[in-house]
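Here the structure comes first, spelled out in structure tokens, and everything after it is commentary.
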Amino acid sequence: MPKKSFRQAVNEALRQEMERDPAVVIMGEDVAGGMGAPGEDDAWGGPLGVTKGLLGRFGRGRVLDTPISESAFIGAAAGAAATGLRPVADLMFVDFMGVCFDQIFNQAAKFRYMFGGKAKTPMVIRTMYGAGFRAASQHSQCLYPVFTHIPGLKVAIPSSPYEAKGLMIQAIRDDDPVIFFEHKAMYDEEEEVPDEAYAIPFGEANFLREGEDATIVAIGRMVKFAREAAEILAREKIECTVIDPRTTSPLDIESILESVRETGRLVVVDEANPRCNMATDISAQAAEQAFDALKAPIRMVSPPHVPVPFSPALEDEFIPSVEKICAAVRAVMAAPARRAA
Amino acid sequence: MQLNRDDLLRAWREMRTIRAFEERVHTEFAAGGIPGFVHLYAGEEASAVGVCMHLTERDVIASTHRGHGHCIAKGCDVKAMMQEIFGRAGGLCAGKGGSMHIADISRGMLGANGIVGGAPPLVCGAALTAKVRGTGGVAIAFCGDGGANQGTTAEGMNLASVWKLPAVFVIEDNGYAESTASAWSLAGDPVKRAEGYGMPGTRVNGRDFFAVHEAAGEAIERARNGEGPSLLHVKVERFFGHFEGDAMTYRAADEIAKLRAERDCLADFRRRVTEAGLLDGAVLDAIDGETAVLIEEAVSEAKAAAFPKPAELLTDVYVSY
Amino acid sequence: MPDIAPLTMPKLGLSMTEGQVAAWHKADGEAITAGEEIADIETPKITTALESPAAGTLRRKLVGPGEIVPVGALIGVLADPVTPEAEVEAFIEEWRARFAAEKEAEPEAAVPEPERVETPYGPIQVLEAGPREAPPVVLIHGFGSDYQSFLLLQPLLASRFFTLAIDLPGHGGSTKNLPGPDPASLAKAVSAAMTARGIEAAHLVGHSLGGAVALALAEQEPARALALTLISPAGLGPEINAEFIAGFIAARRPRALATVLALLFADEKTPVGHEVVEAVLRAKRLDGAEAALSAIAAANFPAGRQAYSLRHVLDDPARPANVVWGRHDRIIPASQAGRLPAHVKVAIYEDAGHVAHMEKPEQVARLI
């Protein structure tokens, strides 16, 4: 099976769905690039090349460059979705949500509910997230907890190229608004990805490894780090289950709880800032619903409560590391066994 | 579009329906029967009806928080609207939206909006759908003078021009954005703003149904012909407060009385059509009588209607989850 | 019996280039009998037991668990207990030198890759291996599987035969549009793939549902089926493990699927490798795959029983036929191998389940 990069996997998903359904259109800043300029068309294909080639295949009627006006075109995506198209809008960096969040959380998210079930808003917003690019505080955040918080939105965070293609196809086919998070540092990662189309259902966590000693739940790019940590810990005879929730909304909390009830120890790895992030949400649910099974306090591995710094020395300190994950697991393993009441 | 007798009767009926609806909501609200916030459109009827008479179900409108008038003018069910405002299960939005989010997508009414300036981006989207699908439809964004200053309106106008969308931006300037006069808060001139964004702009006397109808007709035809968006700056009069419960202390003491006496678009319409011999007073009175019955029924039915069941709290957040 | 016997990294699958010892089961200095399981060999695709090629004492374990080595590399040494250490050392050195030289000298062997052939029924994925001039063997997998079902068997046959492993419609990399869900319709697609690959007639090897397809093909186009080898085939009797079929289709989580897949083996506690489970889940996710599987299940195994009987196809004494079963087959009972025509060679393996071609590939290969 051919290996494809995360970038190619997303591109392929977009292309195959656009071929299958003429209602799917793409819009955003520089999704083709070069619009109105004397040089090449399709000059960029998105800032990191994810949408390159789609203009040539589908034309300007379905690949729409926009001026830099997020509230207009993200709102347009919502209005278009509510009236019959299936737009995939590119919110280039999730950090830009500030200039268009109303369209997402007050309009698109709420149409169906506010209009008594008589509307549907089948739109996808693709957006880049995450640190590691030295892009500094306004281009490096992981804001998925904010979107997860909003009823009416769905949030998908693929952890690998295979996951990216399947979750993107599902996102496009899904009739609800989906925010699709792509980690900017993962675009060159490669994995075997089928040529055929396939959809990975939302709300189904993936188990990348099974072990009886501890459960590690990780989000997005952190899944890879969690797997590496599990390999290291296995050599120390600590066997971990590694869970990738794939979507934070809907969240497959049942699978996580099932694992916590078996291992009794939970570590959640989340690159989002620590206050009110996914780690807090998952930990609270586990503490509430699987308290009796817990053999140790839950541990969360997250960056500190600081903006993302620029200097590589500081940014590398900011991002949760494999070693920090290992340390957290060792800590839950070492915690004294809880006495029965 | 030349207005024939049926058109004129329709215009009167729709404007009268809006007026009667809003007046009744005003009294019902004062009596404590209506939950939440309502923002009434009385006095502005000629704008909604003058624009929406050109529209069919393939066309889409999006409105403001002051959306009852546009909703009625777009052909939405009046009784279901009243139930919605009363929060009943049989409401247009199953009681889940209320006055500020009243909508019926099946009739091309993309909703009143609780966010000022909410309509322009959404309407760009609806216009995009019409363009991509080649339906020949147009999309109309209603904004207030307050909404005209929101970034979304500026961005929406720019985007509609750049994409050459079949859209019309209707700025209904009733002189007040909440309690602040548009004379102060609206810098420059919406018509010049339109030109600034590469589209024609026209100022319209919103009390004059015929003027609105004509200007709207031109803008809508432009859009349908693929010539891109336009803007109408429609000057209207708001008879009630920004919201019901607004003491309106920011208005002159006799302002409302004078508006009702001298600047009522229904009175102006009636005078004009009767003086021109187009319609006689009796037929207009008859329509008024029918409308009164309709509104009375709408209110009594709404008051008798059931509230949504508790289980409905959890429904229709998603298509599937 | 040789004095010193090398243990080498086996080739498990045509595309395997390297593997690791997942675990040793025997200690240094232990006495080993020929055929005994010495270690578990792991590749990304499969973990399987390494059977000792000879009797002797385990004198060396040259790789530890987790160490990755190329196919053919020396991983251990068996010898007579009295053989001196120096001789064992010399053997190892000489062996390694020869291996390194061979590796340098030989060109990169082309790893056979599956390809899609166009047929009137849509694209069919096939994996070819073996010399074109050799007698052809067509390998047809079972329900929910694909050409990789023959991962262990195909390499063993490829030295003697021109082998063609096929993905049935609805499976693997083949079209998900079924010509029909019944064996006869699926057989048409197999026949078309054979034609596309220039194979007029072949020895048909079919596993489970693939066995029924092979029988149907022999019935429809007798001239194309030179011989039949059927491994735990469908089509010989009414019984079928309906829970397996339903469970296979329904399973969405790795653990649920692993439990279902374990039923294929003689020992239901056989741990099914994570990569295998993941590969099956990914195959089931492809557009149209689940619908195709459901349609096939509904047509072939309605109400918990097999719908099609193709026993009569084995009546022809002119066509050589093997029927192979594992005694502990929990999907289709081995009793269905009973009372077949006399010319049919029946082999029942005592320590195999539903997948004898995976559990006992050498023995199955010898039958062909």
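Letters A, B and C name the chains as they come in the text, with residue numbers starting at 1 for each one.
One rule holds in what follows: a contact is a pair of C-beta atoms (placed from the backbone, for glycine too) under 8 Å apart; a residue touches a chain by one contact, two chains touch by 3 or more.
Note that the structure is predicted; figures quoted are calculated from it, not measured.
With respect to chain B, maximal separation of chain centres occurs for C (centres as means of Cα atoms). Between the interfaces A-C and A-B, more contacting C-beta pairs are found at A-B. Chain centres defined as mean CA positions place A nearest to the mean of all protein CA atoms.
Annotation: 71 Å between the Cα-based centres of chain B and chain C.
Per-chain Cα centroids separate chain A from chain B by 40 Å. Considering their complex, residues 162, 166, 194-201, 204, 206-210, 255 of chain A touch chain C.
Within the complex formed with chain A, the chain C residues making contact are 173, 176, 252-255, 274, 282, 285-287, 289. Those residues of chain B that touch chain A in the complex are listed here as 60, 62, 91-97, 101, 103-106, 110-111, 113-115, 118, 120-126, 128-130, 132-133, 139, 151-152, 155-156, 158-159, 162-163, 315-321.
Across the interface of their complex, chain B is touched by residues 25, 61-62, 64, 66-67, 69, 71-85, 87, 102-103, 106-107, 110-120, 122, 151-152, 154, 174-176, 203, 250 of chain A.
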